[in-house]
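Just so it is clear, A, B, C and D label the chains in written order, and each chain counts residues from 1 on its own.
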Amino acid sequence: MLERPVYLLRRALRNMLQSPFLCAASVATVAVALTLIGFFAIIVVNIQLMTRDWSREVQVIAYLDVVPAESSLKGLIEEIAGHDHVQGVTYVSRQEAYERFAERLSQDADLLAGLEADFLPASLEISLREEFRTAEGVSTLVAALKQKKALSDLRYGQEWLERFEAFVRLLKVAGAVLGGFLLFAALFIVANTIKLTLYARRDELEIMALVGATPLFIKLPFLLEGALQGAVGGILALGGTFFLFHLFLQEGMSAVLLATGTSHIAFLPGFYQLAIVAGGALLGFAGSLVSLRKFVRL
Amino acid sequence: MIQLYGVTKAYQKDSSALNDITLKIDKGEFVYITGPSGAGKSTLMRLLYGAERPSRGQILVDGQNITRLPSSRLPFLRRRMGIVFQDFKLLVRRSVFENVAFPLEVQGRQRFEISKKVYQILKLVGLEHKLQRLPLELSGGEQQRVAIARALVVDPSVLLADEPTGNLDPEVTLEIMELFKVANARGSTVLLATHSREMMHHFPRRTIALEAGRLVGDITP
Amino acid sequence: MIQLYGVTKAYQKDSSALNDITLKIDKGEFVYITGPSGAGKSTLMRLLYGAERPSRGQILVDGQNITRLPSSRLPFLRRRMGIVFQDFKLLVRRSVFENVAFPLEVQGRQRFEISKKVYQILKLVGLEHKLQRLPLELSGGEQQRVAIARALVVDPSVLLADEPTGNLDPEVTLEIMELFKVANARGSTVLLATHSREMMHHFPRRTIALEAGRLVGDITP
Amino acid sequence: MLERPVYLLRRALRNMLQSPFLCAASVATVAVALTLIGFFAIIVVNIQLMTRDWSREVQVIAYLDVVPAESSLKGLIEEIAGHDHVQGVTYVSRQEAYERFAERLSQDADLLAGLEADFLPASLEISLREEFRTAEGVSTLVAALKQKKALSDLRYGQEWLERFEAFVRLLKVAGAVLGGFLLFAALFIVANTIKLTLYARRDELEIMALVGATPLFIKLPFLLEGALQGAVGGILALGGTFFLFHLFLQEGMSAVLLATGTSHIAFLPGFYQLAIVAGGALLGFAGSLVSLRKFVRL
């Protein structure tokens, strides 16, 4: 029968037209379940973006007790920048260090009023490439830098980094558990819904078998139907996700977001959008496949 | 050729719907199966098309032992048969035309051939004007005729008709009987379960009588 | 008393299943409704129990105009009727006993009364040993008898039986006809749609003949 | 018929026994949907607990340029503590202030090595009652405190407070949107599932009407059945939530949590547990009610 995809498609479409209620039930369930997952994915994606932002702050600071001459400083910077973990090196003079320190104390900065500007040392701020912004990457870099005499006094916010990594791990675990369960729930509910729609048509399946249809001949249009319904549900879910995103996240929250330091909330990247539609089709197909096994013996 | 050897079918432990039936029906025969309500006529049919398996005994159709048939082969057994079910078993979401066309689609026939054959057979049963109706929009007798048309459209080598005229008036019954006779004349083996003494009187043929699951009579006039 | 005045029923625009029927059936009458397949017998019944509304005309049952009846009153109309549907309409998830008991439960009868009546009537139709079976575990004729029992159990003032013996053998048919006659003798108005000439011959009664939706005969023997 | 609840209950139970597949489908859908909501609720509840923890840091600091005598200090503290916004007042001496400051600079504290311990002023730390830990509550308190001469130099982390409030608002909006949609999804999917189970039994509903059953008589057992199935689903969901909580949140994450400053993750409080079971029953009931309208005319 595989030679006649047009015939199969026609039968699948006719099936859907002939039971619009059942068809709508499957499509709507897929759409709602995937909208939920899409929404969750927006949150996950944005948290990822946020943590990537935050991880820019992972850096190693080398305090220079003696400020070297300009030429040797340049050489030093270039040498450090040559290390494969390093993304960039910034020189911070004593004056700059003082200004920053004052800024960091913010409201309490006036408490430093009587002090000299040069009580803080100059430093090199060494930022890491994204893939090495971990406690381990920092350790490796620090070990390498320590071999240079000029860079004996290294600070690298080990504590902050550990907290940050713990936080990210926390988010990952929570996200994985909730997301995993969401996916499971969507899968289960869609499969269950499809099973119910097939249950409502089990007489039809039985009659087809009684007049000589092979299981494959019976199943194929239903599988196709499931995949089509799933894909339509996925497209609706994409629209629904975008609508909700537009309604609640993008507009209403920009004011709130400014205060927390993130500039905007991104929509799902193209790959995810594709995944939602493809996922819908797969869900519909798999749901039909599993359920048909129950109602078409063999 | 249909052969049954010591066939017993018990749906439940304590009582059997068929009891030790041994029977032989030749290719091309026309046989009535009769007996009171609950005698086991439908059960016998169900065994022949493989919807049930006998509790004991062997059934051979055209030399093939269908009690041993793997269920993947069942569809191909059924394609050689035309079956009129006692409760019609029409696809309620498909039109009359689609219902009758279905067994041909299953066999992978060409579209134009299907259309032609379906139209012809529906004309023979007097439903050519109701092609696009759904079964539930038909009268009881019309539904029964759709079921008959679906069984005849495949030119079956075995025709199993379970009470095919219970909802039909005497005139239409005569016409349907003509169709069965034509099918029989073309080579189909016909098994017809019926209560109608009128029918058996008008078209006397070999009659197999069941009672409470036992074979109590096998008369060839 | 059942009165129809100019009743027309068109399921579709172009054709009408019943056409301008005017008819009067007295209380306690026993009437056959006959006619070829698709003549409109079932449609007439459906109009009487309010499953369909006429396209035109008025229908009175016991002086009550049921074409104007609000649908909230329909259940109470139906409780006075016993209906044997052509396709049985049994509750497939309930046992034989529960199916027959259901109309009594609906009316809020006492449990012990229900049990007694249901058992009695099932005995009369010969199914007292299959109380706990599900309908799909019965033969066609047995299902039909459950449907008949369900209609008779309420001592209906109107009994509508649509082809009630199509799946029954002649012996059981006779018994069922006896039951209908008893119900009729007790005061039920009986309308019996049938194709069976045998039946009409054995129990001659007033016969209303339909053809293509028109009243073509009304003979009282 | 309302006088015979036992009869109705018997019919509802029989219905469930007679179609175990349909019954299981409804129960399972309610269970999965509510587990998801329960899980989400755990997260929301814990974030609430966390923000309540954090909000303890909302305080007003009054710098005392001149350290008053011990007796007048006592009077001042008592006076401030009398304000109805105030929860408590803590005195921080110059030495304590220096130590804290050094601590706050953490790794960089050695930079202050040469400085005197008394360059920071003494202060009073005034904490607020929970209900006034808002930008507005702080303003009111500050306005009241400013009237006292000794307390001219007030600091109250306005910026921090605004950020915090923005963050909480962000969480609230995101939580409300996701939670609202989750609830909607659960409602929709459960109603849809019940509708499908009733669709599979629509013949039954029709036949009942044909033999004289009133719509109420037909509906009541199904409503009861829906409520029962929903309640069972709710109980399963409670179990499922607890299981997931135990498996992922409580045990596995305690190590991670220590690093982020929260001591443990709480399970749902009793009220929420009750709400899940009651919600399940209500969901089943409402789902049946809405769907029955479609299949039982009138």
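Keep this in mind: a residue touches a chain if its C-beta (ideal position, glycine included) is under 8 Å from a C-beta of that chain, and two chains touch if they have at least 3 such contacts.
As the structure is a prediction and not an experimental result, all values here were calculated from the model.
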Relative to subunit A, chain with the most remote C-alpha centre: C
Inter-centroid spacing, subunit C versus subunit A (mean Cα positions, whole Å): 66
Centre-of-Cα separation between subunit C and subunit B, whole angstrom: 29
Between subunit D and subunit A, distance of the C-alpha-averaged centres to the nearest whole Å: 25
Centre-to-centre distance between subunit B and subunit A (centres being mean Cα positions), rounded to whole Å: 61
Chain contact topology (line, ring, star, complete or other): ring
Pairwise chain contacts, counting only pairs that touch as defined: A-B, A-D, B-C, C-D
Touch list for subunit D against partner subunit A, complex: 21-22, 25, 28-29, 32-33, 35-36, 39-40, 43, 106-108, 111, 114-115, 119-120, 155, 157, 159, 162-163, 166-167, 169-170, 173-174, 177-178, 181-182, 185, 188-189, 192-193, 195-197, 199-200, 244, 248-249, 252-253, 256-257, 259-260
In the complex with subunit C, residue positions of subunit B that touch it: 11, 34-38, 41-43, 86-87, 137-142, 144-145, 162-163, 166-172, 195, 197-198
Residue ranges of subunit A in contact with subunit B within the complex: 1, 4, 7, 15, 18-19, 201, 203-204, 206-215, 217, 297-298
Complex contacts: residues of subunit B adjacent to subunit A: 49, 51, 71-72, 74-76, 78-79, 81, 83, 85, 89-94, 102-103, 105-108, 150
